[in-house]
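Please read through the structure below; I'll follow up with questions.
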Amino acid sequence: MAGLTLPPRAAAAAAPPAVGQDPPWVRALVLTAVVGFIGLFLFAPLAMVFVGALSKGVGPVLHALAQPDSLSAIGLTLLVAAIAVPVNAVFGVCAAWAVAKHSFPGKAFLITLIDLPFSVSPVVAGLIFVLIFGLQGWFGSWLSDHDVKIIFAAPGIILATIFVTFPFVARELIPLMQAQGVDEEEAAATLGATGLQTFWRVTTPNIRWGLFYGVLLCNARAMGEFGAVSVVSGHIRGQTDTMPLHVEILYNEYDFVGAFSVAALLCLLAVVTLALKALVEALEPQFLESGAPRHGV
Amino acid sequence: MVSLAPDAPLTGAAPLTRRSLFRRRSAVPGFGLTLGITLLVLSLIVLIPLSSVAIKAAGMGWPDFAAAAFSTRALDAYRLSFGAALIGAGINGVFGALTAWALVRYRFPGRTLLNGLVDLPFALPTAVAGIALATLYAPNGLFGSALAKAGIKSAYSPLGVVIALTFVGLPFVVRTVEPVLRDLSTDVEEASATLGAGRLQTIARVVAPALIPAWLTGFALAFARGVGEYGSVIFIAGNMPFKTEIAPLLITMQLEQFDYASASAIAVVMLGVSFLLLFLINAIQAWSRRHEG
Amino acid sequence: MAYDRPDAPETDVNAGPAPDLAASNRDAPSRAPTPDASAPAAITLDHVSKQFARFPALRDVALAVQPGELLAVVGPSGSGKTTLLRLIAGLEFPDQGRILFGDEDVTLAKASDRRVGFVFQQYALFKHMSVARNVAFGLDVRRRDRPNRKHRDARVAELLKLVELEGLAKRYPMQLSGGQRQRVALARALAVSPRVLLLDEPFGALDATVRKSLRRELRRIHDATQVTTVFITHDQEEALELADRVVVLNQGRIEQVGVPEEILSRPATAFVAGFVGQANVFDGEVRAEVFEAAGMRLPAEGVADGPAQAYIRADQFALGDAANEDGGGLEVLVRRAPPCTGLVRLEVDLEGRLFEAALPRREGFATPAAGDRLRLKVVGGRVFSSPA
C-alpha cells in the first residue's frame, strides 16, 4: 500500500505541473512567439498608421481631413454604410429566421449560398456589377438611354458593398438562433401571440447582442471595403471616392500625411469596433459560448 | 385481448386526407415570408450578378477564353496569388494555432488586448493595412531597411505579398481553433494522463486530432481570403506584370482597358477555385460533425 | 374552462374585488358547458395519424378527453407522447384525422388561436422577462379584450398566489430553481384561461424530492381550477398516482386507456403489463387455458393454446402455505435480500430463473436471508400469448 500514500504537502512545490498545464519554459516560448507574431503583423501596422498621420503634428491631420475631397469621401462612406448595413441587417434577420427556426430540404445548401460572397474576391464582386450595369453590360444601353448612372456612381458602390457584406449578419444570427431553438416561440404561440408579437417580444431580446455584433462587423467592412468599390467607383475625386479610395489617391500622390490621416480615421473606426465587440463579449459571456466559430470577414 | 378504451371516438372514418404541400408545417410563423425575402435578395444581390461572369466568359468561346484565362501573364498572376496565399495560410496555421493555445490555456497580462488585436484584420480596412505595411516594409521603412541590410527585399517583391496575406488571414485559424480548444475539456487530457500517456503523446494523440478539422477549416478560410485579396496587397506588391502582379489586380488591369471578356475569364478561374475551397470547407465541417457525433 | 366559472374555488378566496378577468372578458359563446355526462368530450382525437420524415409518430390514435379530467399519457421515449401533445396544442399538424375541442374542429387552427395552456419540458420561460411579465404575456399579446393594467396585474397576482410564488414576481427565470420555474410556466399557461392545459413531462427535469411535492401541487391546482389537463410522463408511477385516467402509448399507438386501477390490475396488452407494472416475465406455454412454465402453473382463461408469457408484478406474490399447498406454489431460493422499508423485496431463484418478489411484512415473520428456501404463491398477474 506504500505506493498509494500521498507525498507530504511540502513536496508539492517541486511537483510536476498539473495535467493540462505546460511547463514554464514551454509557456514562455509560446508566449514569446505569439506576442512577437502579433506585434510584428498586427500591432506594428496599427501603430504605423497613427505615427504616419501624426508625424508632423495634429495640425496637418486636421487640415487633411478638412479638405473638401476628404469630407465628401467621408460623406459618401457614411451614406454607403447607412444603406448597406440596414439592408443586410433585415436580410440577415429574415434569413436566420427562415433557416434557424424551420427545417426544410436544401437548408444546408442555402446556408452555403448565403456564405458565397465571403469566398468571392472583392475585385470579382465589383466586376459582376460592371458586367450588368456598365456601359457594355446587360442593362448598359437602357440605363444610358434613361440617364441613370449606376456604375461609376453611388448606386454601384452601394450594390458592391451590399454584396461583400452580405453574409455578416446572417452568419452571426444563424448559429445563435439555432442554439436557442424554438421553445420560446412555441410558448408564445400557445399563449396567443401573433408572429410579429412573437418576433418583437420574444425573439428580438434574445438575439439583440448577436444582431449588434453582426451589424458592427458588417458596418466595419462596409465602411472599409476597397477592392469591390474600387472597381465600380470610377475614382472621381470629390464625387465617387469613399474613404478607403481616398486613402489610395492621396497615397499615390505622395501625400503621406493626408493618406495616413484619413487612414487613421478608419483605424479609429476599427478600434472602436473591436472595443465594442470586446465589451459585448464581456457583458454577455454566454453569447460567446452559444455561437459557432465566428469567422469570415 | 386488445380492447380499445370504452370512450374511443365516435366517428369511425378518417375524413382528413393527406394535405397538400401547403399544409401548415410549423407553429413558428413567418416561414414563407422570410424564406421568400431571403431567396429574393440572395438571387438579386448574389446569384444573378455572379452568373454574369459565367455568361460573359461562356460567350467567348474556348480559344479566346483559354488565351485570356491561361496567358503567361495570367498564369504568373495565379501562381503568385495562390502561392503567396498558401504560404500566408501556412504561417497563420502555425502561429494561429499557438495564439489560440495561448489565449485559451494561459492567463497573462495583456491577454485581453492580444485577444482584441487578433480581430484587427477583420475590422481594419484593407487599404489602411496596405499603406501601413507598404510604409513599414519599404526599403526606407522601419522593417524594410533592416531586412534590406540583410539582403532581403520585402516590399515590392513576392515576399511583400506574403506579408500582406499573412496579415489579412491572421484571425481565421485563431478564431476557428479557439472555440474547439475551449470546449475540449481538460478531462480528456487528464484521462489520457491517467492511462499513462506522456504530455507529448497526449497532445499528439488526444488534443491535436480534436483540433484538426477546425484547424483545416481556418487554414482553408485564410487561403481563400488570401487568393482573392486586393486592397492590402497592391500597395506593397509593386504590381510588376509577370513578377508581383496578383490575379485580382490583373482583372482590374483588364477592366481599365475595357477588356471585360478577359477580366471575366480570369474571374471565372478564380471563382472556380473559390467554390472548390468552399466545397472543401463544407466537407471538412460535415466530416468533423460526423465524428463529433 | 371550468376555471372561468365565478364560483371556482381558491381563485376567489381573499381576492376581494379582484375580478375574474377571464369571465368578464371572454365572449359568451366560447364558454364550455358545465361538465355533465351528455356533454361532448373536451378534446377528441378522431383517428389521428402523424408521420415524420423517417418514422410514423402516431398511428390512428382515437381518444376522448373528458371535461375537467386530469389525463396522463405514458409510454417509453419515442412512443409519440410529445407528438400527441403538440398536435393538441397546434404546434404540429396531423396528416390524417381530426382534432376537436368540444364540437369545434381545430385540426388546422393555429396554436395562437386555440387557447391552450402548454407547459414545456424545459419550461421555455422568456429569459429576458420577469416572472410577472412572463405570466402576463398571454394577456399582453391579446388583440381583442386585452385587460387593462389593473386587471392584468390582479390576474398575475392571483395566479402567482395559486402556484405559491407570491414573493417572486420581480425575479428573472435565471434566478429561480427548477421547481420555481415549473410553477411560473404553469401560472403563465393558466393565465390565458386555457380551454385545456397540456404539460410535457412536467417533472422530467426535477430531482426526486421536488418532483414528489410538485406532483401534489399539480393535483391541487387542477382540483382548484378544474381545467381539463393532459400531461405526459415516462414515469408510470407518476401517472398512476396523479391522473384520473391513464393512456398508455407505444410506438405511436394507444395500448390502453383506463383509470389507474384498471391499468394496473387489468392490463390490456402484454406491453401495458410489462411497462406499467414493471412485471416479471415468465416464458411458458398455455394448454387448455392453463399456463405452464418451469415450476409454475397458472390459470389462463381465454388464452389460446401455444407459447405464452406470464406477467407478474413483484407485489403479486405472497408467501405460500406449505401445509395447504395449491397449484400455484413455487419453490424458490432467496438470492439477495437487501434491507428495505415497506414491502420485503427479494431477488429469488425459481429453477434458475431469477425474478423479484415483494412480500408484505408480517408480524412474526422473520425476514428471509440469502440462501433461504421459500414457498411463494401467485396472487395476480396476466398471461398473454407470445407475439407470433
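A, B and C are the chain letters, set down in written order, and residue numbers restart from 1 in every chain.
Methods note: a contact is a pair of C-beta atoms (placed from the backbone, for glycine too) under 8 Å apart; a residue touches a chain by one contact, two chains touch by 3 or more.
Quantities reported herein were computed from a predicted structural model and do not represent experimental measurements.
Trainee: Which of the two pairs, B-C or A-B, is linked by more C-beta contacts?
Mentor: By the number of C-beta pairs in contact, the winner is A-B.
Trainee: Based on the averaged CA atom positions, which chain is farthest from subunit A?
Mentor: Most remote chain from subunit A, centroid-wise, comes out as C.
Trainee: Starting from the mean Cα coordinates of subunit B and subunit C, work out the distance between those two points in Å.
Mentor: So the centroids are 52 Å from each other.
Trainee: CA centre of subunit A versus CA centre of subunit B: separation in Å?
Mentor: Roughly 14 Å, centre to centre.
Trainee: In subunit C, which residues are in touch with two or more of the other chains?
Mentor: Within subunit C, residues 89-91, 110-111 contact more than one other chain.
Trainee: Considering subunit B alone, which of its residues make contact with at least two other chains?
Mentor: Each of 25, 27, 29 in subunit B touches at least two other chains.
Trainee: What positions in subunit A touch 2 or more of the other chains?
Mentor: 186, 189, 194
Trainee: Enumerate the contact residues on subunit C facing subunit B in the complex.
Mentor: Listed in rising order, the residues are 41, 44-47, 49, 60, 62-64, 66, 86, 89-98, 107-108, 110-111, 247, 254-258, 268-269, 302, 384.
Trainee: In the complex of these two chains, what residues of subunit B are touching subunit A?
Mentor: Result: residues 25-31, 33-35, 37-38, 41-42, 45-50, 52-53, 56, 95, 98-99, 101-102, 105-106, 108, 110, 112, 114-133, 135-136, 142-143, 163, 166-167, 170-172, 175-176, 178-180, 186, 189-190, 193, 202, 214, 217-218, 221, 224-225, 227-231, 235, 247-249, 251-252, 255, 258, 260, 263-264, 267, 270-271, 274-275, 277-278, 282 of subunit B touch subunit A.
Trainee: Could you please specify the touching residues of subunit C with respect to subunit A in the complex?
Mentor: Spelled out, the residues of subunit C in touch with subunit A are 89-91, 110-118, 120, 122, 124-128, 137-138, 140-143, 188-189, 191-192.
Trainee: Which positions of subunit B touch subunit C when the two form their complex?
Mentor: So the residues of subunit B touching subunit C come out as 1-5, 7-19, 23-25, 27, 29.
Trainee: For a test of understanding, state which residues of subunit A touch subunit C in their complex under the given definition.
Mentor: 183-184, 186-194, 197, 201-202, 205-206
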